[in-house]
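You will see two complexes here that share subunit A, one where it goes with subunit B and one where it goes with subunit C.
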Partner chain A sequence: MKEKLYQVWRALIWTFDPADRGEAGKAITRNFWLHWFPPRMTKRSLSWGYSLWLGTISAVLFFILTITGIILMFLYVPSVERAYQSIKDLEYAVSFGWFLRNMHRWAAHMMVASVFLHMVRVFYTGAYKNGISHMAKRQINWVVGMILLGVTLLLSFSGYLLPWDQLAIWAVTVGTQIARSVPILGDDIYYVLAGGTRLDQNALIRFYTLHVIFLPALLLVLFSYHMWRIRKDEGLASVEQEKIARKSGKPVQPEMVFSTPWAVRRIILVSLGTFVWVLFLTVFLESPLEEPASLEWTPNPAKAPWYFLWLQELVAITTIRIGGFTLNGGFIGGVLIPAILGGAATIWAFIDKSPPEATGVWFHRSRLVQNLVFTFFALLIVGMIIFAMYFRGPYWGVYWPWAWPELPEII
Partner chain B sequence: MATPKKQPLPDVKDDPFPYDSWIIYGLAIIGAFLLGIAIYKELNPEYIKYQREFKSLIEKKFGKEVASKITFGVKQIWIPELGKVERCITCHMGYEWKGLDGEDVPKVFRTHPDLKGLIAKHPFKKFGCTTCHGGQGYATNLREAHVIHEGKKKVRWLEPLLSAEKAKEYGFKDWQKLPLMEINCNICHRYEDSVPGMPYINLAKKLVEEKACKTCHIINGEGGKIGPDLTYEGSKMPEMFDMRGPYYEIKDGKPVKSGRSIKEEIERRGLPLTIFSWHLLHFEEPRSITPTSTMPNFGFTDDENRALTMLVMSWKKVKLPAEYIPRIKRVKKVEAEKGAQDTIEVKESKPSDTTQMEGAQEEKGTPEVSEELVKRGESIFNQKCKACHLIDKKLVGPALKGLFSRRTEKWVFLMITKPDSMIKNDPEAKKLFEEYKVPMIIPGGITDEETKAVIEYLKRATK
Partner chain C sequence: MTDKEIKSKRREFLKNIGRLVGYGTLGGVFAGFARSLWPNILYEPPKRVRLIDPKNLAEGMNYFPEHRLFVFKKGNEVWAISAICQHLGCTVNFVPFGQKVKKKILGKIIEEEWEFHCPCHGSKYTQDGDIYAGPAPRGLPHYPLEIDPATGFLVVDMSREVKKDWRLKV
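Moving on, here comes the complex of A and B:
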């Protein structure tokens, strides 16, 4: 009876029933959407504990962003006269406008976080190492990943300006002024970004075009290459552990799992979970929209987007005042230190000479020191972001979050 | 030929991840539930209950047929010239209806008052709602539309709703007439001296003339530079007011720290913590907020304080299409100026004999002083001097009581006509400048003849 019920249930929800392993594999390789997966994967690389599925989560978020973003393009007007108004219309007049905007916004913030955490996971598991594989060149994927992180930040940053409210224009002012302090080229970089000497219509249309065409296309290309490389590198780095175990003569067969249905189901699960989480944020949290953008008055304090707050904090710390003389920290804090950190992280995959055994495993003992150094910097960045977000008040002074000086109303 | 050996599939029931399906089902249910909430939120906006209420009200008053014409959804007036969208009428549906002005109709749905007068001049289609009332036209919920700051989260909007309740908080006796709205009237009516229906702004404008504010302040692009430029005072943002600063009390003519901050003083008086309250305090006694301020305490009444506050807060930087700028009726003023010039011309020819100051001092006995000359001196004094000098009270400049017992006539004459060189060279003038810190500035300048007239007037008035 139980067997019979199970058969009916299967017939109703899962008609695909491969006769043998070959057919099960072809179900993957002959499917347009799934062909970039191998027919079989190791159970470890599909486990929650190894990868935390952060890469998939990022990809799903990008998918949500693309869909909501394309619909938003029908509703948003990239002009200084109408941009703010079109966001207000989304909030109050367009059917499900608030839903689209919230979802796009939350998915964007989540994506910045998940891509960053993905990078952290890859570092801790030594997943940019090649193990004993002769084919793998995982360092390349690490570098591509770092570029993808950069593109994600730029995508978020360019989207930040589009509502054209005070939050947008001043956050982007802070960001672009930091870019301006690059030596020699600084003014040119600013001019290229803003299309003029101040943030106005030219800046808006440039940021808009970057945001809706150039950066997403770049991200898509890099993402495809990122996925292709995983195949060419013989899968996630955790497979190296199984290879090493087999080579050492232990009679261990890696536990292989068919991609269909097990991996596909798990991908569906992660996609659904990500969507539900974003949906939860969308339904219960409002997206802020401040006063219309005005360069005539500065909110006090004016803060960069949260993921750049650590740069702003660095700029503030490295700005030194001796008497009437001010040494602007824009270059040291805003350009030099992040460039050194980012550059060092990017080439670290080529410098790390830990043994192959440290590949694809969390916190291998041989990588203790570099893990600690990495943790130190990661926590420093996160700590500075939290500090600048919650403890920096008017005139960039330090306040308890609950003791911010109260600003008066107008009337 | 051997057929390739088919590898058997592992049993489907050997699910490597046995909980995955259940998690998917769970997530799907949560997701469906959340989507349900989203759809519910979309279909039940806050305004819908007002619209239903309005419909039933109309049904009761005018019958089913009339009520059936009322449709639900967002209603708006769009004014492209002003870049405004007014969705206020989504809830305030009765604004144009006739016969909804009774006390029995809830306030939200009442007909807008004075449709034939004020509204005929300022039609809804051209001015909308927030142009006069303030508030947020885009919004379709109460909190954001009325810019209500209660609770923790602030509504980010620059135009507060100029409601009767707000007016009551500031102590307006006629708060029910929404006097604060005059602030917005004056955004367009800025350059007119007097407009019917704007008693507070009219009073304030009169005071600005009387007290010669332009002596020290730039207003509408012209004036003195001692005080700050007030042309766009109304566009100042909350960030520019530090309410934590100390509040001073005036003791023996000197500002002394009261021990309270400005914020505490505002709260002590039961005023809301706003820029408006800051201005009230500042007009009452400028030195109570800026102890080094040279702006005098003019002794304004509470009504005058409020009127002036409304006036400075109406001086906003707003781009107006030409069609919205009212015709400025200057006829009266031009006539008045003409009249003044005429009198000057007539009287200038008369006292020519006594204009030489050197001679005047040496003359023995009081010279014949005509009543007319004294009167003219008085009018000039009121026009050009009174803003800073009173007879028996210290203001920006010293009190003038007993002036000629302290100073010679020549000294006074030179002080009025050449204050700069006097401050440089005369020890007495130097001392005064150190004490008062403001050089003497005479709005519009003064001729020797006028000075003479003023001196004749002062001779009598300061005795």
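Moving on, here comes the complex of A and C:
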């Protein structure tokens, strides 16, 4: 049966029948669509359980975002007078406008989650390690990945402003003020980010340009490099396991399979699965749109998007006062702590001195301690997000989610 | 030094000049690109603005949403407090108590009729705008008021701050 399928596949996409392995490999490297794959891969690196395919899922989501984003560009006007109205039109006037907006929005939320989970997967499998390879420099891909994570977050954040509603303006007010709370340089950073001393047309057009061209282009370049590196690093880290086994004299032949159909088929399956999931969210969940942006009053409470809620929790609790000297929590919780966490995670790939056997396998025993520390911080962040989402009520007070106080009408 | 050595030295020197000019030009061009993003002119509302005929001020709190400013009037005294939270820039809410309330704040008993609370991260300010709870690093600024001699209107200057006991008599 499998053999039969394989033959059908070959008949469909190969114009000639390769006589041997060499020819079959060349057929892949000479195909425009396939040339960035190696001719053959190990079965282990294609398995569901090793990579969970989270990187591919992230890439598919980025593709969906690009397509829907380009169409949205035809329909959205980046001006403070018309931005909100164009989103309202998407919801109520444009045929399938709601569909486009929902799809773009849900794919964006999913992408933040999948990129984060991809990083978690890479950490737990020790996939930034080089094993016994002399060629591989997988740490570089870890560093590139951290930048990709940052760019993904910035993309979400810049997109968040565009509807120019209350949700947007307050999330971005707080976000840009965090930048402003940096000692000495803060005012300059804010000034160039917002293009002035307050959030207005200049800020909108800047965030728009970042969102629709600068950051996506940067992400695409980094992603291409990310993929190129995997090739130069001799494949996913799991291949080290087979190398180590072979070296120790075990009679194991790594199971090599041709990239097509094996990798191609899985990529198509993953793409379809991702697409269907996003479609499901798109059809069944609506995107919120609050009242038009107004600096005159702030919603109570005003909450950041979920992936920044841990930062909102941090900025609210980290202001320190020593004598007459005060350091704004905006700087400590919003800049310093995330920078330390991100910086430590980035250089960890170079510090981790666990043995080569811990490369490309889940939860290797020798990495127990660092896995626990990593889990601690990941859960801390997730915990703060959940806490801020469900237990922070009006005036950022702590309440049970079902017991928010009634607020008197104010002003 | 042989002729050859001199020649190669000269070549090296010229090469360095070439590099300097090349990288310098490129650097200058990009510095120019970057500089263009720092606006020289701002099309923003001015910091010194005309508010209202003081006759029309209500007793107690008056909120000027477009300037995010509270103006208070007690008898013939008026003063202005910013509504911009000093933590991360949200607009604070005016929270009136409806009567004078004795509260112990920062170890002192004070009497208040209202407070300012911030919806974003829960900073709390006293009636005078002093921070007493939450993450804001400082109190709400007070701005000077004046009467525009031409129109008799109240004018606020939000480019400079005054002490919290500052009052304008009208």
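To be clear about the criterion, the second predicted complex is superposed on the first by the 371 of 411 C-alpha atoms of A that agree within 3 Å, B and C clash if a C-alpha of one lies under 4 Å from a C-alpha of the other, contacts with A are read in each partner's own complex, and residues count from 1 in each chain.
One rule holds for everything that comes next: a contact is a pair of C-beta atoms (placed from the backbone, for glycine too) under 8 Å apart; a residue touches a chain by one contact, two chains touch by 3 or more.
In this text, all values refer to a predicted model and were calculated from it rather than measured experimentally.
Of the two partner chains placed by the overlay, neither subunit B nor subunit C lies in contact with A:Ser79. By the touch criterion defined above, A:Gln370 reaches neither subunit B nor subunit C.
Touch criterion not met for A:Ser354: it reaches neither subunit B nor subunit C. Touch criterion met: A:Arg266 reaches subunit B, while subunit C stays clear of it. Look at A:Pro288: by the touch rule set out above, it reaches subunit B but stays clear of subunit C. In the superposition on chain A, A:Trp297 makes contact with both subunit B and subunit C. By the touch criterion defined above, A:Asn202 reaches subunit C but does not reach subunit B. Which of subunit B and subunit C touches more residues of subunit A is settled by the count: it is B. Shared contact residues on subunit A (touching subunit B in one structure, subunit C in the other): 296-300, 394, 410-411.
By the touch criterion given at the top, residues 6-10, 12, 15-17, 20-21, 23-24, 27-28, 30-31, 34-35, 37-38, 41-42, 74, 76, 83, 85, 87, 134, 138-141, 149, 156-158, 160, 162, 166, 180, 183, 235, 237-241, 243-244, 263, 272-278, 313, 317 of subunit B touch subunit A in their complex. Note for the complex: subunit A touches subunit B at residues 10, 18-22, 24, 43, 46, 81, 85, 88-89, 91-93, 95-96, 98-99, 165-166, 255, 257-258, 262, 265-266, 268-269, 272-273, 275-276, 279-280, 282-283, 288-292, 296-300, 394, 405-411.
Within the complex formed with subunit C, the subunit A residues making contact are 170, 173-174, 177-178, 180-181, 191-192, 195-198, 200-202, 294-302, 312, 315-319, 321, 326-330, 334, 394-397, 410-411.
Put simply, subunit C touches subunit A in their complex at residues 37-39, 42-44, 63, 65-66, 68, 87-95, 117-122, 124, 134-138.
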